[in-house]
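Right after this note come the structures.
Both complexes shown next keep subunit A, but they swap its partner, so subunit B is in the first and subunit C is in the second.
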Partner chain A sequence: MIREFSSADVLFIMSAARWTLILSAIAFLGGAIGGLSIALARTSHGKWLRRIAAWFIQVFQGTPLLMQLFLVYFGLAVVGLPINPLLAAAVALTLHASAYLGEIWRGAIEAVPSGQTEAATALALSYPDRMRHVVLPQALRIATAPTVGFLVQLIKGTSLASIIGFTELTRAGQIVNNATFKPFLVFGTVAAIYFILCWPLSLLARHMETRMRRAITR
Partner chain B sequence: MYQFNFQPVVDSMDLLLHGAWLTVRLSLMAMALGLIVSVLGAIGKTSGIRPVRWLIDVYVEVIRNTPFLVQIFFIFFGLPAVGVSMSANTAALVALVINVGAYGTEIIRAGIESVPQGQIEAGRALGLSPAKIFRYVVLKPALRNIYPSLTSQFIYLMLTSSVVSVISANDLASAGADLNAQTFASFEIYLVLTIMYFLLSLGFSALFAVIRRLFFTYPASR
Partner chain C sequence: MTEHAIIMRDVNKFYGAYHALVDVDLTVERGERIVICGPSGSGKSTLIRTINQLETIHSGTINVDGVELTAGGDNVAKVRQDVGMVFQSFNLFPHMTVLENCILAPMKTRKTPRAEAEQTARHYLERVKIPEQADKYPAQLSGGQQQRVAIARALCMKPRIMLFDEPTSALDPEMVKEVLDTMIDLAREGMTMLCVTHEMDFARAVADRVIFMDKGMIVEQGAPDVFFNNPQNERLKNFLGQIA
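Moving on to the complex of A and B:
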């Protein structure tokens, strides 16, 4: 049965956008914790710690997010967990975000002049104090713009969760399209909602980047 | 306890290798056409004509702020509704070119703007034609300046191309999906696919390093 594309469908699609946001938030929070660990490991003095972090980044940046999603999805069965699209998508996107944020934040930590660390060491600050009070606050300023930029990439990435059957924005569009067969209208609407979510973040990232550049050149 | 079974993957390795070749071919075509779109887009954006600049801005922002998956759905399922239909393989290539063209436009525009004005004036003083100035004085140094970001965008394009399997266009991920439908050795298949994509990305990195050595290592400043 083919029915008309109605306001109820638009509401259904818009309420599914909530899951896109929830999934993005989970992946971003998880990725922030993972990414910070990766960035600290990557800049640490332990040779093996640095190597493992570099390897982690290279593997996750060198393979498609779609494959990562499939691997985690089918991997749940391997470790004896029930197959659950939300869990699989959350885990895969968290790992993905950890690698990308880890790389962005490593760059930010390394951009803080080494004299800062040396001065903090000379003041007998311990590693945690040095990081918390001296290096990370400065790295944070450098990292903000690219981090917001990555958030856009992450929100777009959650659309792939639809392929393993998780009903977020894109999957809701597919469901409505299957019932109404108005692909031009349906996928146009879906694209418009993604655009409304992502564009302000892109503008914000660009604005912060210009401000940062001006602050550095001054 | 899960029993690993790699036999189906080993038996169908030729199928997967063929799929990998299709992914390489699709990516190379999308990179070449995408580079053309990017250069044209960047020329349009740095030229003075306002409506052209405005149109390119819309194109770049729309593509960069919507997921590739939705773009390919729109092209493959949405466009036939307004009379533009194409095969899955064509739709995949078109979607990839449009996608990478938007990122490439921004990257190359930044490269063109990084070329100092004095260099263009020097070219003019030497009596070079505008076309030659663009080719040798603007585009080549611009491409060298943005070579790392452009090539990492190209590798990202190759990874993204796995998404074309959702419309059953022919590539490595599709070959894996077909094999999965026949054998259900899902985890093993996707593990091998992931490793193959990783090797492809290493291969492309190596290729781009060679191209850089061959064409972009002339003296930068003296």
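Moving on to the complex of A and C:
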């Protein structure tokens, strides 16, 4: 039975967008914690720490996000945990975000001139104090624009969670389309909502990038 | 309290296969002012950077103010609290005001309360003659002013030894004097100083001893009048001829 595409469907899709946002937020926050750990490990003096972090980044940047999602989703079932699409998507996207943010922030940390670390070291500041007060605040300024850029990628990446049956924006669109068979209308609406979420962030990233460039050339 | 500020024995340092410091022996007395010169790549910067362990050494021993640097533990942290360093490129923290630059280390490392740290900072900013710049950011200052802030920042830790790594090499000529004057003041007050510099007038004016390094070795050293007027080593004669 094919029914009409109604305002109830639009509401259904829009309320599913909430899950897209929640999933993005979890993955971004988790990825921020994971990414900071990865970035610090990558820039540390410990050889093994550096190696493990590099390996982690390579694995997660070198495999499709969809495979990571499948591995976590079906992997959870194998180890006897209940199959929970939100949990699986959150874990997979967090790992994915950790790898990418880790790499972005490693670059930002390394872009802070080595003289800064040397001066802080010569002032007898401990490693945590050097990082917290001297290196990371400067790295943050360098990393902000690419980080926001990655957040846009991450929001769009959550659409893959639809494949393991998590009802976020894209999955809601599929459900409505299956009932109404108005693909252009339905997926047009879905795409428009993604655009409304992502476009301001893209603008923000570009704005920050130009401001950053001006700060450097000053 | 030992009577020597720094004792280096048989110090060797390699960068890969490159022998950067070769069997360096150096004893510095308390209050002694030493100028180290030599061609680029001679190991002079490396030498002073081993004193606060910005560079590790491969063999030998370094004793700073009675603390054995190479003995491990928290000796390195202890020594760094008592050894201030000024860099060629200033290395002020650009995201902090001048005052914040000066109080960070005393508050974090020495656990000095903020009010006391700020008072100390203003005192030293006064001494380097820029008290009015306390709330500005480093980028708003001239090179000479930045380097004087860097000196004040190091002094805020109340170090017993100051290391200067080519402090005037990155400055425009008209700003060299204001930094040298600050260093001369410091020297007159009895600070133990090791300065890597090519400012030979500074060496003549304040140094107790001038050291010439070449290829990682201390080749010649002596009081400034002997060092400049009667150099023995051929390479030193050559070097003095070039910079005079």
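The rule we apply is simple: the second predicted complex is superposed on the first by the 218 of 218 C-alpha atoms of A that agree within 3 Å, B and C clash if a C-alpha of one lies under 4 Å from a C-alpha of the other, contacts with A are read in each partner's own complex, and residues count from 1 in each chain.
Keep in mind that, in the parts below, a residue touches a chain if its C-beta (ideal position, glycine included) is under 8 Å from a C-beta of that chain, and two chains touch if they have at least 3 such contacts.
Bear in mind that the values here come from a model prediction, so they are computed numbers and not experimental data.
Upon superposition of the two complexes on subunit A, no clash is found between subunit B and subunit C, which fit side by side.
In the superposed model, A:Val134 lies in contact with subunit C only, and not with subunit B.
After overlaying the two complexes on the shared chain, residue contacts for A:Gly173 are found with subunit B alone; subunit C is out of touch. When the shared chain is aligned, subunit B comes close enough to touch A:Leu71, but subunit C does not.
In the superposition on chain A, A:Pro183 contacts subunit B only, with no contact to subunit C. By the touch criterion stated above, A:Leu125 is placed in contact with subunit C alone, subunit B being left untouched. Touch counts on subunit A: comparing subunit C and subunit B, the chain ahead is B. Touch criterion not met for A:Pro85: it reaches neither subunit B nor subunit C. Once the two complexes are overlaid on the shared chain, A:Gly149 sits clear of subunit B and of subunit C alike. Nearest C-alpha atoms belonging to subunit B and subunit C sit 27 Å apart in the superposition, given in whole angstrom. The contact sets of subunit A with subunit B and with subunit C never meet. The part of subunit A that touches subunit B in the complex is made up of residues 59, 62-68, 70-71, 74-75, 77-80, 152, 156-157, 159-160, 162-163, 170, 173-174, 177, 182-184, 186-188, 190-191, 194-195, 198-199, 202. Listed in rising order, the residues of subunit B touching subunit A in the complex are 2, 61-62, 64-71, 73-74, 77-82, 155, 159-160, 162-163, 165-166, 173, 186-187, 190-191, 193-194, 197-198, 201-202. Across the complex, subunit C meets subunit A through its residues 52, 54, 77, 80-81, 83-85, 87, 89, 91-95, 104-105, 108-109, 139, 150, 153-154, 157.
Looking at the complex, you find that subunit A touches subunit C at residues 113, 115-116, 118-126, 129, 133-134, 137-138, 141, 218.
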